[in-house]
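Each of the two complexes below includes chain A, the first together with chain B, the second together with chain C.
And now, the complex of A and B:
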């Protein structure tokens, strides 16, 4: 990993900037990006703060700015809404299970690719195929795989030795499984690629030395590779946790949060609330709460990334 | 690096083989199903590869006429809800994804240049762009629907382009930033001595060196834009139809079990992205880790 060049702007650069402008040059060229983000993120956030204190529903026919304020009742209701609490817990469960499984699979897979062998490059290309697929289509494929007469049930039929027909997506206890498998299938390759890149960048001398000195394979992996790999692992876990927390596409395609609300994640709960039941004010309160929590977590979690960039 | 005996090597290859099969199978199933005639969609035991492959499913996806005939013929057995051809979805997705990619990479390059060479906004400034990526989009979407109705942007190309640009900017800025950081500042300094203005120096000296990286970023951002679903679902209402929306339409229509048609739409919608993905395979790691991990 190349050390980024970091020095204060050269005096000559500064001198050229010296002539007076309304907006300094360096601010001006960052402005288009900044303004886009402001329009699409900050303005809506301001609106969401107002909406969260109202019980606005577009179906009532009042414009949003004239909505009746209900102050903190939305928040009170949210905390007493079993469906919302369940969605939050379910999302955390999905994040925990998927990220851990993805990491374990990716780590063990990456260890198989350390040495050079003839078909290595091609094998990597095939293994990372899932992450290139459009997420909606990955869910689409899993929708067909887990169909009651699909190949998954056929495989189970072979294993148990009798006809096995089970509607996975229609069963409240099992519908979450295909969703998590779709997520794991699609994103283990990303984790694999990150870990493998990290492993290939490790200093080979230390590992060779340990090997020559007679250290066992497990010891080399646990004592030398893992510690050296920690920054990469932290970034991989972080990126995947944040992305999995937002999980929406596979849930929408596979179950739409059903049957009932059995597979509703936070994103799905808010989608259903806002676009199916039209309870905008209520969902705005949920949105604001999630935004605040995520922002707080981000501030703390961005540190490893910052350290890595320095 | 380390020597293996034959037995260990066999186990390793088996593990890799298994991973390849699992990685490939769902895609194989998608493609295979897209060529199956209707009576093989639901057969049990499943048909792995159709013995009488047909293009019927693709015809239904692309030609509204074939779709109507199909719906009429299968009346009662299948509820056929999706109207409109995939051409429209491809066109809309192309316009939106390309437009948003151009804006995102253009704005991103300028901002990244400003951040790397002038340290604009201090060391934590780039992180505010990352926060955009970490927010669940659904939380922003609800007020965005309100904002877009004020700005008259709902269900328009421009609206989606704006949303996509904002949400891919973090990737553009962070990726391009990591490319610019690899070019020594002294090169630009030399150009300044010859009397170029800073932006000119950047465009004439640094940019040619990072062109490959910017192109990779553009393809990466294009993939993200093409694959986006949530904004397309919530910020449109029928006038603009992206490819991902069309896929979702077919899947929801398959309460009547239109597996073959749904697979055909899935196959063609994911193909361009897979191609681009392989073109930039070398840069994928950098992109998805926001430039933190380089190869």
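And now, the complex of A and C:
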């Protein structure tokens, strides 16, 4: 007698251990990765959320999980902390200035480098060098440049024809300038690479057609290239905005947030809060608030991307 | 929140705290003198090594020291002798000097046992104590510390928190003033100055005199500057701290109400701001080592510094070697007489980690390292941080050569009479608020009174958050350890 025909194996692969079915196979292979992600992302986030509701400091001598809750007081205090609010606004100013300048410079350079010309590749290599420098070293270079007896003052002395000694880093009205210049110098190359890559991948037919139909170069750039480049530009702006929001190295090296708190950015504020004041709970609350702000900025900036995608 | 307490409990605890701490300093130091000493002072390093060897009992033991980068030259020579004497190996973990307290504090959270001994900056000891990472050394000291071990120490308050021993100071970081001797002795300059001010150029006794001399010598058009005093954020507060104390006030009253925004505080800040006009242009941006180099050029009348400053200025790298006059920190006239308030504001302190698996051996190493014989060897290192802190150090020929005799005379006196740093829990927070606001006032962003009012208000908040009763107890302990001659004159 022929054996009964067995039904073919289910398309859903299943994991068996002995004879007991535990979990579907597809779940089993995804689970370790998911658990890792959960552990790496969610657990610390949950801890930060918990800490933000406490006033825990390691100097209290109790473990963080035994900290006494203060609920929303940290958030209330942050809203009334003039130094925190000023740091957020200052950081937003730095983001706005740096990202816009970086974009304008990058766009101009990218258009210049779109056509092939001799030594182009070498020139590109030289242009992207700054972003390969360790940020602390770059900041140190700017510290030397803007020192009271540094090359910047020396150059100005030559131009104005008399001894010029100005403490750039100690003047509350000017100290942000060297910081922003350091940031722009180091990260314009990244923006340039992103924009150049985008430009090089634009469909050539439309541009050629416009050229044949007699459109000027400016018109081609404004009416065809820029709209087509929008997704790349948005991504570049997003990446740089988020990165610039976290600016730390130039501030730490050049001014440490001074004079007073005139150049204190949000990262510097958090560094001081966590590693000078040891106010971990308070800084956890600040970090979460900043996360919300940055997420909101990202969502708003990426809206055109969705429209473009549709 | 945790800092809400009833009035009754506050008064009770404050009274107990006061009573305990009125007698604490003498008690702390003299109970030790009264107990039976296990090790002898003359041979404490030999005895400590022997006891450590016995404790190790032939097993392979390694001690790990967390130390600020740049201090290896001080530690290594004695660690090598320790190994030769005990067979116990020493490993080093070096961290940037401005991050060592954070690293020790992180250990309080992780308890990884990654080091047995650490050398945090002394001003951070209270935070480290309350975090639970430091071993209370009272019992071990009771067992091993020789009777007069700390007797020839010139500054010991940083070793204690609320009367208990937590470490041994190993660096004499008292502030000293440096002046260009040639400028002070110049007869022509002397005549001009005395015609204007009615007294001759000299090592200034008061801040008023110093400020007058800085203004007199400040001739930037001729490449000469009044001074190289610090105006960067990290350092600015220390000068103000001395200026303020020299006007006869404590920073807090007995109940930790800030007094810094009183008339004296505002005046001290106004004077500091006025003096800024006579400093070299890099004063507001140059850090520690840039400051050494700038003053070493020989075109600035005066500077503030520590033993480390002198080791640099007394080296081949400096143009002012042998051309300096030294003085204590200037003082002020309080109730008709001169009050000087030298200031100890940094220092490195040997402490034992509570996560150490061999705290007793680690303690014996700290006792060994700070013994008169071994600490002299450590202080001899010309490139290291450790400056003289025991009387014996000032007689050592190598140390005299490194620092010069005139400097050591002033340094020893400054160490002996130093007012203590603010050894409170939250010191970093108290001082950061002060620094930020002083600098904001110095660059004209805030009015002096406004800046100090803000500091006072923030200090109140910090004190409440840290637990007022506990802070009051420690503050009274600190106050009781101000040198007697100064304590009696501060309000």
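Everything below uses one rule, namely that the second predicted complex is superposed on the first by the 247 of 310 C-alpha atoms of A that agree within 3 Å, B and C clash if a C-alpha of one lies under 4 Å from a C-alpha of the other, contacts with A are read in each partner's own complex, and residues count from 1 in each chain.
Just so we're on the same page, contacts are C-beta pairs under 8 Å (C-beta built on N, C-alpha and C of every residue); 3 or more make two chains touch, one makes a residue touch a chain.
Everything numeric here is computed off the predicted structure, so don't read it as measured data.
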First (chain B), second (chain C), both or neither touched by A:32: first
Partner chain(s) touched by A:278 [first = chain B, second = chain C, both, neither]: second
Which superposed partner A:172 touches (first chain B, second chain C, both, neither): second
Partner chain(s) touched by A:110 [first = chain B, second = chain C, both, neither]: neither
Touching partner for A:149 - first (chain B), second (chain C), both, neither: both
First (chain B), second (chain C), both or neither touched by A:95: neither
First (chain B), second (chain C), both or neither touched by A:260: second
First (chain B), second (chain C), both or neither touched by A:64: both
Set intersection of chain A contacts, chain C complex versus chain B complex: 64, 147, 149, 165, 275
Chain B residues touching chain A - in the complex, by the definition given at the top: 1-2, 4, 12, 15-16, 19-20, 22-27, 29-30, 33, 42-46, 103, 106-108, 110-111, 113-115, 117-121, 123-124, 127-147, 162-163, 165-167, 169, 173, 178, 181-182, 184-185, 188-189, 192-193, 197-199, 223, 226-227, 229-230, 233-234, 243-244, 247-248, 251, 254, 257, 259, 262-263, 266-267, 269-270, 273-274, 277-278, 281, 284-285, 288-295
Residues of chain A touching chain C in the complex: 55, 58-61, 63-64, 68, 70, 73, 83, 147-149, 165-172, 256-262, 272, 275-279
Contact set on chain C toward chain A in their complex: 1-2, 99, 102, 105-106, 108-109, 127-128, 130-132, 231-234, 281-282, 284-286, 425-426, 428-429, 432, 436-437, 439-446, 465
Footprint of chain B on chain A - complex, ascending: 1-2, 4-10, 12-13, 16-17, 25-27, 29-30, 32-34, 36-37, 39-41, 43-48, 51, 64, 108-109, 112-115, 123, 125-145, 147, 149-151, 154, 157, 165, 185, 189-190, 193-194, 197-198, 200-201, 204, 207-208, 211, 217, 220, 232, 235-236, 239, 242, 245-246, 248-249, 252-253, 266-267, 270-271, 274-275, 280, 283-284, 286-288, 290-291, 294-295, 298, 302, 305-306, 308-309
